[in-house]
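Two complexes, one shared chain (chain A), two partners (chain B, chain C).
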Partner chain A sequence: MAEDLVLDTAIRDWVLIPLSVVMVLIGILRHFVSKLMRSSQVPDAKIIKEGQLIVRARNLRSGANFIPPRSFRARRFYFSNEENGLLHVPKGQAPNPQAQMFSDPNMAMDMMKKNLSMIIPQTLTFAWVNFFFSGFVAAKIPFPLTQRFRSMLQNGIDLSTVDVSYVSSRSWYFLNLFGLRGLFSLILGEDNATDDTQRMMQMSGFGFDPTKSLGAEKDSLDIVQHDWALPKFEQRAEAVLRKVLS
Partner chain B sequence: MDNIPTFNAEHLQSNMKTVYYSRTFLSIIGGVIAGIMGFTSLTGFIFYFLIMAITSVGLLAKAGFTVHSYFDSWNRVLLDGFLGGLMSFVLFWTFAYDLVHIF
Partner chain C sequence: MVSKTEETQLSNLETQVDNGGGGAWEYLSLVRKLKVRRSDRVLKHGLSILNDPKKRSSLGPDEWTLYEQVAVAAMDCQSLDVAKDCIKVLQKKFPESKRVGRLEGMLLEAKGAWAEAEKAYSSLLEDNPLDQVIHKRRVAMAKAQGNVSVAIEWLNKYLEIFMADHDAWRELAEIYVSLQMYKQAAFCYEELILSQSMVPLFHLAYADVLYTLGGLENLQNAKKYYASTIDLTGGKNTRALFGICLCSSAIGQIAKGRNKDDKESPELQSLAATALEREYKHKASDKLSLLTAALKGLKVPS
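On to the complex of A and B.
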């Protein structure tokens, strides 16, 4: 019993297409604006040192099986012994960098700027859509949904007999919001300002990086069991050489 | 001779990026095709999975069917990013369907 509504061409011309075009353009604009506004942070020497240390420890962990047991143990001792091991953070010093991170004005400013540049265009566009494009059917989604979605998708439309597939422009806005992410990642390359999930991961990685991850690295280094992977190395080399020479 | 798995992380990551881009692009194109051809509901979703399967086969063919020299497991090239393109697909499917069928 799907009555096929015939919608005005004007809706298509003046609602669907402009909304999509505007969202794409705003996304591009936001990407470039955030690139311009990114203040160059003077990197703190101590933090960089700790970061590099973690990278070294990680490399040791991943390559552990390729060096002889004794040298692996020697390296591990260098990192994690109790007195002057590099990864061992004495208890008193631990909370300090964290506090420094939060009171650092640059970092807070950066995060706020990023947040704002995220939220403001979305809010503005949503308000614009609600103001101009409410109260009529905007599009038909090609698959049927249950009655529960009616209140969510058909917000401005007050008829309850219209098929749930006919949605208002608010839901077109949301559909665009989620669907254009893929398009942006194709157009703007990997590091674009529109990807929410990446941004959240970056934000949570900032404040707690140094001390907790040092402790975590030390623990995971301690866990590693050395499994000497190259015991029969000479035989392997011999086999390969034979194959090559024959 | 036992094979020790060694992977260059950067290369692996760049390969994964290629897979992601291919899937996104093809899901957009697939959405437009589904809309133009007037698929509705279940047919459309089946079409989406068909497109994803074609992407997987295409990627396998490009990798010469030796998955292990480019990725670390079969799952990565077959299943990764399957549902990531769904939202873009639905968006472009709706768009094309409306443009063509509901003037």
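On to the complex of A and C.
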């Protein structure tokens, strides 16, 4: 039943390639526009301090075995002390993130700008694709698919007998959307504004990092067992010297 | 810390540029990236690029970075006129810029006008209270004026906020050692060891401080850290070898009579002594007799 449909090469010339080119150009445009629109962020003292604190606590954890036990315990106490330890976040302050997000106008504006610059081009391009490039088979996917994908991939095609591997141009649009990320990182260098998928993941989990990670650091610091590595070093030094002298 | 490959690359470029080959721009970019201090060469080669209008225009937007780099190098070499010219050019291009303001403050500092530089830095800090470089320049100024206690105070305040800055910890440790505040210096070196545990330099410095503090426990710890330095440097560090010998003899003197557990590393001292003798034979054979005499005086009284 699945005969091979022969697709006109004109489809390739006038649909697939222009669509990819347009998406690349729009991506580049978005990148530069977002660069222009990005307001300079005033670093907040508290955030910087907390970031540095986390780095220091992490260093303490990783290097714990290199300093004498007493120093390690003193530092751990300094960090996780109940009253005024640096990592200890009093319960009242914890539910801060949401309120802070909306009360800080700058940050809200930033987020909105980022979202807009992502959503609008996507929506426009999608509408354009639907309007111009619907109603025909655009490409054939090289592997067989089940019938469930029919509604997703063959949206404009109203024939139910066509093999599911033959898809409409909408699916080519989605393929490009996710696939061009690699191309953009080549052209525009890392950290470009077109990294939508990353931003989408970030949008869902926008907890304010510091307070949560402080608690996490404190917990991991409490777990650490101090196993002083230095005594072993004496024997290792002996071995090294013996090797050098032999 | 500059890695070995980068160091060789830097010295290769240096010789190439000094002998008239091309590659001045790569050399300057590498110096900038590695943050090493080669001010005389930077000044010479940077000026040769900047004074040649063709080479200057071929740099494009990097031209201004080069101006900044040459200005700082000029201040380091006390060619204040060169520095002033560079800063003037930058000022014309970027009025109201924080980076240029910082360079102006540095120029005042280089001229020795401490009060005005202080004022400039404070005003810059008001607009931008989290600029690390300006904080550090203030500390450096206090230290240059000889006002070490003020330097310590500021450095401590800086470290309260930016506690992951290991260069600052190192500077603080050295200041404390210069003031003989060894306990505090030990704390700073511990911070450094925590953040960079595989750098033998910090183990060695920490061991030195512990040895200077004295007391049985500190001496034993010092011995352990000298051992770790030996381990990390493959036995090539002469100071660590000496440290082991001195520590062992000092421990032996204090723990005379008590049979302290020397089972951990009974042979370490003799091995270290032998290694020292071999090194002296290689490198300074005329001083070998001095060494043997000194080592004999250190022998642990059993």
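Definition applied: the second predicted complex is superposed on the first by the 214 of 246 C-alpha atoms of A that agree within 3 Å, B and C clash if a C-alpha of one lies under 4 Å from a C-alpha of the other, contacts with A are read in each partner's own complex, and residues count from 1 in each chain.
Simple rule for what comes next: contacts are C-beta pairs under 8 Å (C-beta built on N, C-alpha and C of every residue); 3 or more make two chains touch, one makes a residue touch a chain.
Since the model is a prediction, treat every value here as computed from it, not as a measurement.
Once the two complexes are overlaid on the shared chain, A:Val244 sits against chain C while remaining clear of chain B.
When the two structures are aligned on the shared chain, A:Ala139 is found in touch with chain B, with no touch to chain C. Shared-chain residue A:Val33: touches no atom of chain B or chain C. Once the two complexes are overlaid on the shared chain, A:Arg236 sits against chain B and chain C alike.
In the superposition on chain A, contact is made by A:Pro68 with chain C only, not with chain B.
In the superposition on chain A, contact is made by A:Val55 with chain C only, not with chain B. In the superposed model, A:Ile119 makes contact with neither chain B nor chain C.
With the contact threshold set out at the top, residues 230, 236 of chain A are in contact with chain B in one structure and with chain C in the other. Those residues of chain A that touch chain B in the shared complex are 4-7, 9, 12, 16, 20, 65, 139-144, 175-176, 178-183, 185-186, 190, 229-230, 236, 239. Interface residues of chain A, counted against chain C in their complex, comprise 43, 45, 48-49, 52-53, 55-56, 59-60, 62-64, 66-68, 71, 230-231, 233-238, 240-245.
Across the complex, chain B meets chain A through its residues 1, 4, 17, 20-21, 24-25, 27-28, 34-35, 39-42, 44-45, 84-85, 87-95, 97-99, 102-103. If you check the complex, the residues on chain C that touch chain A are 129-130, 160-165, 187, 190-191, 193-195, 197, 221, 223-228, 230-231, 234-235, 244, 264-265, 267-268, 271-272, 274-275, 278.
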